[in-house]
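Here it is, the structure in full.
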Amino acid sequence: MSAKVTAQHLIAIVDTIAVHIHNNADMLNALDLALGDGDHGTGISTAFSSAAADINQLSEPDVMTILKTTASTLMNRMGGASGALYGTFFLKAAMTTRDRAALSKSDCDELLQAGLQGVKQRGKSDVGDKTMIDALSPAVDAFVATETLAAGWEQAALAAMHGAEDTKDMVAKHGRAKFTGERSVGHMDAGARSIA
Amino acid sequence: MSARKQKLINQPENILSDMLSGFVAAYHDIVQLTDNRLIVRRNPKAEGKVGLVIGNGSGHEPAMIGLIGEGLFDVNIAGEIFTAPGPERIVEGIKAADRGAGVLVCVSHHAGDLMNAEMALELCEMEGIDNVEMVVLYDDISSAPKGSESERRGTAGLFFVWKMLGAFAEQSDDLNACKAIAEKIRDNTRTLAMALTSCTNPITGELMFELPDDEMEIGTGVHGEVGFGRQKVASADETIDLMLPRIIEDLPFQSGDDVLVMLNNSGSMTLMELFILYNRVAQILADNSINVYKSWIGPYATTQEMAGFALSLCRVDDELKALWDAPANGAYLKL
Amino acid sequence: MSARKQKLINQPENILSDMLSGFVAAYHDIVQLTDNRLIVRRNPKAEGKVGLVIGNGSGHEPAMIGLIGEGLFDVNIAGEIFTAPGPERIVEGIKAADRGAGVLVCVSHHAGDLMNAEMALELCEMEGIDNVEMVVLYDDISSAPKGSESERRGTAGLFFVWKMLGAFAEQSDDLNACKAIAEKIRDNTRTLAMALTSCTNPITGELMFELPDDEMEIGTGVHGEVGFGRQKVASADETIDLMLPRIIEDLPFQSGDDVLVMLNNSGSMTLMELFILYNRVAQILADNSINVYKSWIGPYATTQEMAGFALSLCRVDDELKALWDAPANGAYLKL
Amino acid sequence: MSAKVTAQHLIAIVDTIAVHIHNNADMLNALDLALGDGDHGTGISTAFSSAAADINQLSEPDVMTILKTTASTLMNRMGGASGALYGTFFLKAAMTTRDRAALSKSDCDELLQAGLQGVKQRGKSDVGDKTMIDALSPAVDAFVATETLAAGWEQAALAAMHGAEDTKDMVAKHGRAKFTGERSVGHMDAGARSIA
C-alpha cells in the first residue's frame, strides 16, 4: 500500500468509480423511476465512463490535470444538478493539487475538504438539507480522522453509506421527489469505497 | 392511469439529435443548428445589441427552441430530456450570442439550470469574457410562499419575459437595462398550473408521476413536480375559481390593472377545453375590473403529453404593452 | 386503453356556447360572434371581394374558428360537436360573408356537411340569392382508391386550401376564379393520417373508438373513422416509411416537384415526436428530389385529444407559392 | 278511425314521434356509442321535440305549414346527415299537400313516395346502400299497397322494422361505422308505427 496517491493511482480510482457506477446504472435508474425522471443512473454512468476514457487519453498527466479533466467531463456530460455538483467537487479538489506530483494523506484531507466546501457553496446547502452532502460530509470527516490513506478510504466509504442510509429515511419522510438523488449519492460513494 | 404508453421515436438515446435535426429541417428559414448543437437565429440581430441566451432541459417543446428568432432569443442550448446543459455548452452559447453589447443569460429557476449557469459565468470570468450578466426567473406561486418569491420555480409564465425581453433586447445596447426589464416582467408575473393526467418519460417510457383518472392536481411544476392540491376532477368553472383568485391575491392584481393572460397547454388539453376555461377567466377578471390587454391560449412550455394547463397573468404598463405588441418571428411564436 | 377519461368542461349541452364565448373573448381583435352564433371577421374584407364560408362540426379546434381572419376565411358556422350545421345557419353565414362579389361555400367531404350545404344553396336559390358557389374538398387517400378521388374524405390536408384560397379571395372579385383555385389546390394535395390512441367524445365521455395501447392505426379520419392498417406501434422512422411512399405514389409527386408539407397534430402528440417524424419526412423527400418549399408542424384539425398525426403534401407552382407566403391573420394561423 | 288525416291528426302524429323518440334517446345514444359519436339519439330527440313544440305554436295551421315547419325545425336543430335527410323527407312531403285541408289515403301515398324520393335524391343513394332508405322504402311500399290509412300505418311500421333488421345484419357485415344510423332509423320508424 503506497503512502502517496500518484497520478496512476488517481486514474485507477476514477476507472473503478466508472465501472462500479456502470454496473449499478440500471439499479440507479430503477430507483430514479420510483418517481424521478429515471435518467439519473444513465447520466452519471455515461459521464463517469467518458471521464475515465478522457483521462486515459492524457499523455503523462499530472494529478491536477487528471482531476480537472474529470471535473469538466463530469459537469459537461452529466448536466443537471448532479453534473454541476460532482463536477464542482473534482474542480475544487483539483485546485488544491497545483504542482503536486503525488498526494500525501494530508494532501488528500485538504483535497476532500475543498471538494466538499465547493459542493456546499455550489448548492448553497449544508448537512441536514437532505442532499448528497449528507453522504459526502461525514465521509470526508471520517477520512480526515484517520491516519493512513487505506484506513481513510475505508472509513469514508462506511460513513458515506451511513449518511446515505440516514438521508434515505429522512427523505422517505419528505416525499419521493428527492429520494432518487440521495440513494444515487449513496451508491456514488459506495463506488468510491471500492477503491481502497 | 390514462397516460399514453407509447411514443413515436427511434432510439431513445437519439431523441435530442433526431428532434433538433427535424426542427431545423422544418424551420431553416428561422433557425440553424451549429456544429456544437446550439439552436441559433438564422438572421442574427444587429451588431451592438444585447444577446439573449437560455439553456434548458428538453421535453418542453416548443419551449425554448421554438422561441429563437427575431424579436425573441438569440441562442438556445437544449440539454437532454429534463436535464439542464453543462457549463461549457452554456459558454459556447454565450459566445454565439455576443453581438458586441454583452449577453444576458436567462435562467428558469431550477437547481440544475441555476448551478450550471453559475459555473458557466465563472468559466467566462476565467476566460476573460466580461459583459455577461445572469437573471434568475420564477413565477410559480405554488412552489414557495408569498415573501419568498425568489425561491419559486420557473414555469410557463416566463413566456412573458421571453416575448417582451426579446423585443426589448432587439433594440437595446444596454445589458443592465435588459436585465432590469427581465426583472420587471418577472416581478409582475404570477402563475399557477394544474394537471389532469400524468405523462411518460420518453427515454424510459415510465410515468412521470401518479394521478388517478378521477383526480386532478393543482400546483404542478413543468416536470410534473407535485403540487399542493389533489382533489376529484372539478368542472372548468370550478377549476378556474380555485386557481385564479390565488393568482390575483398573490401579486396582488388590482382593480384597474392591465394584464396579459396566458393559458398554457401542458400537452394534451383540447383547445375546446382551454376556450371554455378562458371564458371563466375573462368573467372573473371583468368582475374584478382587471383589464385584459392581450391573451394567449396554446401550447408553449409543455410537459410531454401531460393533460393540464398553466394560468399566468402579467401586469403591464405602456412600456410593456409596446414590447408585447412588437414583432416576433420564432418558429412557434409570431406577432 | 390509454385515453383520457375526464375533460374540463361545464354542462355538456353548453360546450359549444362556452367554447365560442371564450374564444371570441380571447381574440376579439380578430373575430366576433354574431347573435346567430356565426364566427365572423372583426375587420371584414374589402367590398367587391369574394366571401368565403365554411360550416363544420365542432371538436376539431383550432379548425375552423381559428382560421377566420384577414387572408383566410370570412365566416365559420360551427355546428355541435362532430355535427354539421343545418342549412338555415349556413344561409345566414353566406349572407354574412357577402361583400358584393359572391360567396364560395367550402365543404369538407362528409355526408352531413355535403347534404346540408346543398340544401343551403337550394334555399339561397328560393330566396333569389344568386352568385353563390359550392366547392367540395377531399384529400384523404385512405378513404377511396386512386381514380375515385371525389369519394375521399376531407381531412387535415384541406389546410392548404384554407390558407391559399383565403389569400386569393382577399384580392379577388371573381367567384369562379376562387372556385378554380380551390380545386387546383385540392387536386394537388394528398393526405394520410394515423392514430396511436383513441379519444373521448366530450358530450358522452365515451371512447370514440377502440385501440389497444400497443397498436396503432394508419388511415384514420378526423372523427377517428377506421383506417386500413392496424399494427403494433412502430418507430418514428418506420411509421413515416409506411405512410409517405403511399402519399408520394398517389398523386404522384415526382422528382423536381416543389411541395408544402404539413404534419398535423391530431391532439396529444408531442412536438418532440413530430420533429422526430419530420426529420424522416425530410430525408425521404430529399432522396426523391422533391423540394420542400415550406412546412408546417402543429395542431390544426384535431380530433379532440387523440394521439396521432396527419401527413399532407401539396404540390405548388409559383402562383401557389405566392399565395402561401401571403399574410394571414387568424387566431391560430399567422403568416 | 277517420278516413282522412287532418291538421290535428298530423300534429298528434309528430307529437307521438317526438315522445317515442325521446323515450328511446338514451338507447339510441347507447347504440351510437357502440362506435359512433354517441349524440345521434340526443340529436334526433331534441330536434323532434322542438318540431312538436313549434307546430303546436302555429295558429290554425294547414297541413302543408305543419309539414314545412316540421321539416325546417328538424334539419336545423338536428344537423348532420340525419338532419338533412329527415328534413328533406318532410319538406318533399309538404310540397305534395298544397291547398289540402286534410289528406286522403291516396294523398298520403303520394306524400310518402315524394318524401322517399327526396331522401334518395338528397343522399344520392337507393335501397341496398345500407342507409335509412332500406327501412323507409319498404315502409312506403307497404303503406301504398294497403287500402286504409290504419292498415297502411300498421304495414308500414312492420315493413320498416324488417327493413331496419335487415340493414342491421347487412351492416354487421360491413363494419360498425354505419351501424348506428341504421338501428336508429329502425327506431325512428318504430316511432312512426305507434301512431296507427
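Just so it is clear, A, B, C and D label the chains in written order, and each chain counts residues from 1 on its own.
Going forward, contacts are C-beta pairs under 8 Å (C-beta built on N, C-alpha and C of every residue); 3 or more make two chains touch, one makes a residue touch a chain.
The shown structure was predicted, so the numbers you read here are calculated from the model rather than taken from an experiment.
Between chain B and chain D, the least number of touching-chain steps is 2.
Distance between chain centres (mean CA atoms), chain A to chain D: 80 Å. Rounded to a whole number, the gap between the C-alpha centres of chain A and chain C is 56 angstrom.
Distance between chain centres (mean CA atoms), chain C to chain D: 33 Å.
Per-chain CA centroids place chain B at a distance of 29 Å from chain C.
Among the residues of chain B, none is in touch with two or more other chains.
Contacts between chains trace an open chain of neighbours here, each touching only the next in line.
The list of touching chain pairs reads A-B, B-C, C-D.
On the chain D side of its complex with chain C, the touching residues are 29, 33, 35, 37-39, 42-43, 72, 75-85, 87-88, 122-123, 175, 177. Of all residues in chain B, only 1-10, 15, 18-23, 25-27, 58-59, 61-62, 66, 196-197, 202, 213-214, 216, 233-237, 239, 261, 267-280, 282, 295, 297-299, 302, 304-305, 307, 332, 334-335 touch chain C in the complex they form.
On the side of chain B, the complex with chain A involves touching residues 57, 79-89, 111-112, 115-116, 118-119, 201, 203-204, 206, 208-210, 223, 225-226.
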